[in-house]
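In what follows, structures are represented as structure tokens.
Two complexes, one shared chain (subunit A), two partners (subunit B, subunit C).
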Partner chain A sequence: MSVTDFWTPFELNSFLNALFIGLSIASIWLIAAVGLTIIYGTMGVINMAHGELIMLGAYTTYVLQTFFYIPFLLCLPLVFVIVSIFGLFIERTIIRRLYNRPLDTLLATWGLSLILIQGVRVIFGTAPKYVSIPGWLNFQVSLGFLHLPGFRLFIILATAALIFGTWYIAYRTTWGIRVRAVMADPDMASSFGIDSNRIYSITFAYGAGLAGVAGALFGGLKTLLPDMGSGYIVEAFLVVVVGGTQLLGSIFSSIILGELASIFSYFTNDTFARFVLFTLIVIFLRFRPQGLITEGMKRR
Partner chain B sequence: MLRLDDVTSYYGKTPILHGINIDLKKGECLCVIGRNGVGKTTLMQTVMGLTTRIDGKISIDGEEMTRRSTAERAIAGLGYVPQGRRIFGKFTVRENILLGTFARQGIKAQIPEICLELFPYLRDNLDKKAGFLSGGQLQQLAIARALATDPKILLLDEPTEGIQPNIVEEIYHTLVRLNKNIGITLVLTEQHIKIAKSLSDKFIIMDTGRLVHSGTSEELTDDVVNTYLSI
Partner chain C sequence: MSANIYHNRKAQWLAYIGLFLLLALVPVLFDSPFLLNQLARYAVFAMLAVSVSLVWGYGGILSLGQGIAFGLAAYGMGMTMQMQFQDPVSDPVPSFMLTNDLSTLPLLWEPFWSTPVGLALTIAVPTIFFIGFGAMMFQARVAGVFVAIMTLAMLAAWYAMAYDMQPFTSGFNGISPPMPFEFAGVSIDPYSPTAYLICVGFLAALTLAVKLLMQSKFGLVVQAIRDDPERVRFLGYNVAYYQVIVFAISGFIAACGGLCWVMVVQYVSPTSLELTLSVSAVIWAAVGGRLSLLGAILGAYLVNGLQSYMGDELQDVWMIVLGSIFIGVVLFLPRGLVGLIEDALGYFTGKSETETATVAIERTV
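== the complex of A and B ==
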């Protein structure tokens, strides 16, 4: 194999297309990671079952579409509610008993992920399932050299909307003040009448709901399989770790990682791009283990 | 108003306070005195429900609080100004005060006028990040935040610690007003004996987690100070 077989020479139009694909990858990684970021940032819980919450979102969409004939757009809020309720149930029954025991939480949520995979396998079988996206999203925007698939654009916009909504709740509502106070200093927050356990429950449910919506959107991109969650969880964790467990950090890290992945793929191939990306992340974390943006609240 | 009956408090399995008894009437001011590390802050945290375990009984207005959570105690009327203030530095002044209002059940989150009337500086800097305030301003914010909870009883842990003298005087006058004019019951730990004596109705002296002496402020004489507080 010659170098030219491995290395794609630079060509402006293709490179700009790769940048758009990078943005698309970033939006997918970000939407997969945002729930994880919120749950880890608020509660310090590393939820190993996050990928399976994404999978549940995808399968819930499939069920709503196939058996209840609910249109895709209406599925999104319904999936959010359904997976949130499931998240609330998990928090109340499992996570709550394991606060301040990170290793136990890790193990318990990993066990939960296996149960969910097997449960879905038992109910739906191993054959792939599909989420159908509305016809009006099956378009392609061609801007000269740029070719933007409609559904990818939709995911970018949906991600932006979810991030904006999450930011608005966190920084523009009294509920957000409560959550940020619990994140920064739970003892002091409770001395103002804030029930930390309630905040944790609702935050976990919200994070789970976001994972569900991510699953619904991913269902439009790929086939549904019981173990599909594991395909997203690695990237989601990378985004959270590189970002520093803050929402803003996750936004930056997903854009940087998505673009790097796409650019390396453009010049080489997907496999080598992953190798370079993971190597760069290891080097980055060696020098900045706290991630891009550190904990936003400082105790005085 | 506030009653502690034979309260023993633990961090983990280790008892830190031993058999504390306090009976405070509405509108009174109690000063907790003692050298560093004798358990004054633990007493405050115990009343607030921030220690691991409590034996004995704590009640507010006759209502037992011993097994209640910190949040429930705040809602029941306990306001808390902790040592070191523990202000949320990345929050704005407005957000810090709004936090206090969450203890008022069923009322729209709105900054009570008294918080800004007592500390005009805060009114002019509501949108400033609290992390940029000076030590004295932070203490004012901590008191305003606790007042926003609409407390019946205000616990103040070293409210004048590390603050420049003119602000200490301002805080002293504020506490007098809160106690004597508005009628809020105060419990404070204080290193300055002069302030303790002029502000409080009663005092207790603590040593190694035990209450070793108590009396009215008139009884806080130099002899008592020399006996219990000299190093």
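== the complex of A and C ==
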């Protein structure tokens, strides 16, 4: 292997295509991270089982499709509901006991992820499963030199819709005001009659539901395996932390990281790009541990 | 002085030395190469658990990146052993490089012709990396969850690197040196009592050194930083300095583990840099009791022993059992199993004031 083989020379058209792929990567990381952003941002809970919630979402879609013949688009809201109910259950049994102990939630949810991976493996076996996507999404977008599969475009749009929905709930509803009040100061919020435990439960369930939808969408991209979730958890966490645990921050950081990943892998290859990207993130966090965007009220 | 014998220093040292003597006696009592090899692996895992106990239990730094030191050292050892097999004249390039279109030995591999240099690099590179990485984090006062995330990202980066640099590391397949490790003309068979005793010797020496260090003034400052870094900073201590040292020592211990690991299994692959191994080490330490070195060691032996000797029909659900144990420990036993022993000893010795118990374990706070 020589240096010339390793570095791909610059070529404008394929480079622009790489930028487009970067957007697709960004949408995937963002949709994986948005539930995590909400859970971490609101509750300070490090949910290491988030990747497994994504995996559960994918398997739920598989079950709904295979055994109940439910069309893909209808699966998405159903998966949201099912996984958020599961999230509610987790919150009530495990997470609730560990508020104010963020490192312990990290460990307990890691234990949970072991249980979920093995549980799914026992039930569904290790053979890969598939989620079928509707035929009308099987098109290829070609704008001159740009090529993008239709389903990837669909994911970008779905991500935008979910982000908009989350933003709307957080900033335009009474419920969102309560959530943000608890985020800012749980004690003060309680004294105004907001039940912060209830807020935490619902927030966790909502974040879990978003992970489920992410899983349903990822199911259309790749095969389903019990340990598929671990492939997303590191990236999702980095998006959240680099972004600064705010919704807006996660949007920016996922776009930046996705584009960087795509550009690095354009010049080198996928795994080396990961190495460079992760190293850059570690250096970035060294200088700005609070992330890209911080909200004034959260400043210490 | 507390009446609980658990907090009695002499009793603690007796327990530590007793355990290591017991471990050293295994080759005399059992003549089973398979068992020795397996127990040697457990000793390596115990080293990892000790490194976690030091950095997390004593230092208050939850590192998910202990696998970095372990993995780097494992690769160093793998390279050293591979080069012992190669011949400088007739066969200078390992076969996996040839299949990856590499006709000359890369510069990175050249120092490993010499076994002492190779061993020195095996230990020095991870330790120096941990000093640099730790200095970077702790001088910026990165703490808590962010350390966990940064070490996690760094681990993932190294994993990608080991995976990707196929001509240098043999990628996914890993390096399997064809011959056992040879030192000073003696070949160390992985299934021999020698290999086992080297692992236990490393474990005992490192553990006792750490215990001694943690009883010193240095160790007390480290534990004070764990409990309240701000207050220690106000008292005029350079907190980052202590954290970097503790982090580097834990990296050194994990590196010794990686070295022994490859000696015992004769194989190194990117799995040693996987997140699973690093988090498993945290689990072992947590289950046994992260506030105690002996607890962490017991945790490593117990969890791995349970995994190996649970019936075949239970192997399927092993991860479920492990996950449940772990959640249970985090929720209900933050001090781990030795916390139970501490309470039990306190109950018996504290009330009657007689020192009858023969087991005592590291002081917890």
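The criterion applied here is as follows: the second predicted complex is superposed on the first by the 295 of 300 C-alpha atoms of A that agree within 3 Å, B and C clash if a C-alpha of one lies under 4 Å from a C-alpha of the other, contacts with A are read in each partner's own complex, and residues count from 1 in each chain.
Criterion: a contact is a pair of C-beta atoms (placed from the backbone, for glycine too) under 8 Å apart; a residue touches a chain by one contact, two chains touch by 3 or more.
Just so it is clear, the structure is predicted and the values come from calculations on it, not from any experiment.
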* After lining up the shared chain so the two structures overlap, which partner does A:Y168 touch, if you call subunit B first and subunit C second: first, second, both or neither? -> neither
* Looking at the overlay, what does A:S230 touch: subunit B (first), subunit C (second), both, or neither? -> second
* Asked: Where does A:S190 make contact in the superposed view: on subunit B (first), on subunit C (second), on both, or on neither?
  -> first
* To do: Based on the superposed arrangement, let me know which partner A:F139 touches: subunit B (first), subunit C (second), both, or neither?
  => neither
* Asked: Can you list the subunit B residues touching subunit A in their complex?
  -> 48-50, 69-75, 78, 80, 82, 84-91, 95, 98-100, 102-105, 109, 130-131, 138, 145, 149
* Could you please specify the touching residues of subunit A with respect to subunit B in the complex? => 174, 177-178, 180-181, 184-185, 187-196, 296-300
* Structure fact -> Listed in rising order, subunit A residues that touch subunit C in their complex are 1, 46, 94, 97-98, 102-104, 106-108, 110-115, 117-119, 121-122, 230, 234, 237-238, 241, 269, 271-272, 274-275, 277-279, 281-283, 285-287, 289
* Contact footprint of subunit A on subunit C as seen in their complex -> 62, 100-102, 136-137, 140, 142, 144-146, 148-150, 152-154, 156-158, 160-161, 163-164, 167, 275, 279, 282-283, 286, 316-320, 322-327, 330-331, 334
